[in-house]
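Chain nomenclature is as follows: A, B, C and D, assigned in order of appearance, with residue numbering initiated at 1 for each chain independently.
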Amino acid sequence: MFGVLGGGEGWPRGGWAQRSGARLRAVAAHAIKAVCVVHNANSTGVTSDIAAVRRAIDAAGHPALLLVDTISGLASADYRHDEWGVDVTVSGSQKGLMLPPGISFNALSPKAIAASQTAKLPRAFWGWAEIIEANQNGYWPYTPNTNLLYGLSEALDMILGEGLDNVFARHQRLAKATRRAVRAWGLEIQCADPAVYSPVLTGVMMPDGVDADAVRKIIYERFDMSLGQALGKMRGRMFRIGHLGDCNDLTLMATLAGCEMGLKLAGVPVAGSGIAAAMDYLASHADTPILKAAA
Amino acid sequence: MFGVLGGGEGWPRGGWAQRSGARLRAVAAHAIKAVCVVHNANSTGVTSDIAAVRRAIDAAGHPALLLVDTISGLASADYRHDEWGVDVTVSGSQKGLMLPPGISFNALSPKAIAASQTAKLPRAFWGWAEIIEANQNGYWPYTPNTNLLYGLSEALDMILGEGLDNVFARHQRLAKATRRAVRAWGLEIQCADPAVYSPVLTGVMMPDGVDADAVRKIIYERFDMSLGQALGKMRGRMFRIGHLGDCNDLTLMATLAGCEMGLKLAGVPVAGSGIAAAMDYLASHADTPILKAAA
Amino acid sequence: MFGVLGGGEGWPRGGWAQRSGARLRAVAAHAIKAVCVVHNANSTGVTSDIAAVRRAIDAAGHPALLLVDTISGLASADYRHDEWGVDVTVSGSQKGLMLPPGISFNALSPKAIAASQTAKLPRAFWGWAEIIEANQNGYWPYTPNTNLLYGLSEALDMILGEGLDNVFARHQRLAKATRRAVRAWGLEIQCADPAVYSPVLTGVMMPDGVDADAVRKIIYERFDMSLGQALGKMRGRMFRIGHLGDCNDLTLMATLAGCEMGLKLAGVPVAGSGIAAAMDYLASHADTPILKAAA
Amino acid sequence: MFGVLGGGEGWPRGGWAQRSGARLRAVAAHAIKAVCVVHNANSTGVTSDIAAVRRAIDAAGHPALLLVDTISGLASADYRHDEWGVDVTVSGSQKGLMLPPGISFNALSPKAIAASQTAKLPRAFWGWAEIIEANQNGYWPYTPNTNLLYGLSEALDMILGEGLDNVFARHQRLAKATRRAVRAWGLEIQCADPAVYSPVLTGVMMPDGVDADAVRKIIYERFDMSLGQALGKMRGRMFRIGHLGDCNDLTLMATLAGCEMGLKLAGVPVAGSGIAAAMDYLASHADTPILKAAA
């Protein structure tokens, strides 16, 4: 049995329990084999404190594995597989690594590998034995997505060239400017706790009675900009602004301008200019190293 | 229980039986749920008569599903999912579709979909319910490999522009010229039955005592050409010449010239010039429509 | 002798007279062989009324050829070689045609071709005889820039797909929004006559004492955006905002946001928010067909 | 007055004398200002000994400038602007530099620059003053072909990565193999003197009565391979095989196979197999470093 905290689109969906009644008894009995956490929840704009989850597991003396989905967090928000004691990390190419979709990654702790060797469940994505063996000589057991591997090499050069700390600071900067804009519009951010704001995306709540998808449609048709839809029970109540990857002050300003004009065209009452608030923030915080296009 | 005929690198490897003793009993009891066949065996250069397998299943009045791997056959050799009564077809982007690796495909019969709806086994790649639903509106349940979908659209334009019959005839033509070359070298083709020669690749057997991988290494190092390694029990005894996809008379001649010079450099005794034999065939069969580079 | 009106970077610079004393006498004597006009002055943001120049030449009964540089105007501003009676049109790939630099074009009237056949001056770019002959069969006398010709074919598909009238309307829309922003900043536009505002670029004058190049440098270093330098006697007194080619409302907003933040960082006093003024214009003129990215 | 030795497609064609009667008198009077030589004659497959031309000019005590067209020679055949005392070298992107057509280059001696400063002839391509000034700061006086400059940087990395000596040896190797093939066919090479065989291309003479262009047409239509046409008085009497740039043993074998099959299809009697002769040469000279595709 797995225990799932939050949810992320990168996880296989079948067979993981979320029934809270049974959960406590399962914890006590060590029936729970692994704790799954989403590092950056791409559907809500919330990050999780992975190190704290690890500490809680350890404090309980519980042997569960810690499995983390950082598909939309890796290379945008600080993440430390080894230091935080994660057993399995799952990520993908199409977010902070700035590549097309097509490859995903697992990082494994020795404990995860050991567990895998004795596990009896049928596996596809999580069947690591063959790939671990082949990787030792630089090969893959099956045909890999060779083109994206070349792209990955280039993306890593770009990220390390900018500097990981600068990459993270840039994402924080753009996220802060976005939140200034949302607040200036008088709208709510879909994340109640400022301590866990995502540096990757911001969920913008619509006032009661406004259909967020109708706003998204106007922005798409009028400004050729596609904003993320809200999922699940938030559907129609908010839209998502992404500010990750190959993104800088001016691409963010274009995005926020599209939102502000779209809100106006959709008849959503806004308190003030988000654009002005974002520019105030960016122009008065002009000390962060910036991302330059390759020469 | 599945019954597997032949083997192909596209299939998940865990849990399918190949024990022939139990097989007959299982057939009698209808314990076998599906027959898996590889359309074009990429490791050996052999094709299978899929329609004949279907007829045999039907003649036995057996309810088993027919599952076919045509990863390396699709768009190079004739293949007919509906007409041949296949229940599940598996293919991929990286062979006859001329794309980088990165996407694979399933074609499903109504019978396969119905079986899937009642099946209880854990599934990843074969969990079709979500994708069937999302595809109805042109979407995917998870993030698709968008770039390869654009490439696929272009590849299909190329293939349909050349004409499927012309594509198949071109592959047959190149395969025949290759076999002429192999015979002129005095070497054996790894496929005993001419009726099932693959139009996609040709396995070239080495004389006793010659290490095929040493020949491959010389050709790679000297001519920058990478030939396919033999797998399993054929390892070291043959190499594979691919003649599929975006390939024409002259790219084949380059390939065969690299093989012929490499055989000579490796000290493999050859009976005569394979190049001359291939050119004789190609120049005297100059009526096939050819593949032209896009204008 | 040529008479040159205005000036443009596309013209060979040697040997054309601009001495106004001699000019009147030359006109009277028909010593002037051609009148050269720049359709869209890329260094100033001013367009010329080509049809009016033609009418003036005709009204004077003067036989001079009319030569027009529309390097930065073609495919962004309306231009009519035949209808306006132009004899030689010069253009290039790198502006409204949205291609890299590398090819330029001449359109020729029968009168220009006839004049060329009897002219005795040494010629390089304007030596048309060989290219006219070779073009009749779809060839070139020298090695053409083949890759850009493929690009040109694609660019023309894009332009004609959007519709030339829509392309021109889009450029006018973006130019108007830009001028609203400049006026809101309280700055002057480098073009005194609104009738000849360029739809391609806008020259923004700096207040006295402000070095425009210092402002440009701050914007480049802080926002990775390169604005056009002023040339000649305007050097250091203005910068140029381009709004041409593959450009839409949001790319313009990014550009204007970079300018507004850069002006603030450079300490240039601005009267108000240009961004707000531009968004007001764009959001309240939401009826123009827009440019969509290719699907 | 210029004296022109040979001819090349890269030179402006107007106004240079080739009248041999007047030439001797002009030499005596130092009326000849420059000697123009083609380093690698792309239409014939002949190279010129540039250093010998320089020595002859110097031996005669003649002040003429030495101008060299190495459009098709640069980066394929050894060439030394400074060491050989060349005054003006002209080259282009589309041959040994492996780029699309679109940029050309001039290398200038101090003597050429000095002559240019006092020359009074009208100039376009050869007007160096502005570009020399702008280049000092890394700029151009007009809009350069920026994309090809990026390509050039990459091409130079490839060439220097392989090593210039290896690049030249590879071209010589491929040229020798080609000549072996031509001789095995029993055909003549269009270059009487082996000392000046071109490493870049080989002209193949047709037997009397055979239309070379008809052979070229068959090869193009049947094998999708475009061979160079003979120009001028050789028209219809030979075709040209290029073996330059990004080219290795196997691409050459493809080319020669297309020629050999095309000759057969055109009914041209050939003495023997050129392919076999070329392979004999290549396989028995397997010590040259080879060009590997980028990893």
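The criterion applied here is as follows: a contact is a pair of C-beta atoms (placed from the backbone, for glycine too) under 8 Å apart; a residue touches a chain by one contact, two chains touch by 3 or more.
Note that this is a predicted model, so its numbers are computed, not measured.
Each chain gets a centre from the mean of its Cα atoms; the one farthest from the centre of subunit B is C. Annotation: 44 Å between the Cα-based centres of subunit B and subunit D. The centroid of the Cα atoms in subunit A and the matching centroid in subunit B are 39 Å apart. Averaged C-alpha coordinates put the centre of subunit B at 56 Å from the centre of subunit C. The set of subunit D residues that touch two or more partner chains is empty. You'll find the chains touch as A-B, A-C, B-D, C-D. Across the complex, subunit D is touched by residues 222-225, 248-251, 253-255, 257-258, 260-261, 264-265, 273, 275-276, 279, 282-283, 286, 290-293 of subunit B.
In the complex of the two chains, the subunit C residues touching subunit D come out as 9, 12-15, 92, 94, 100-102, 121-125, 127, 130, 142-148.
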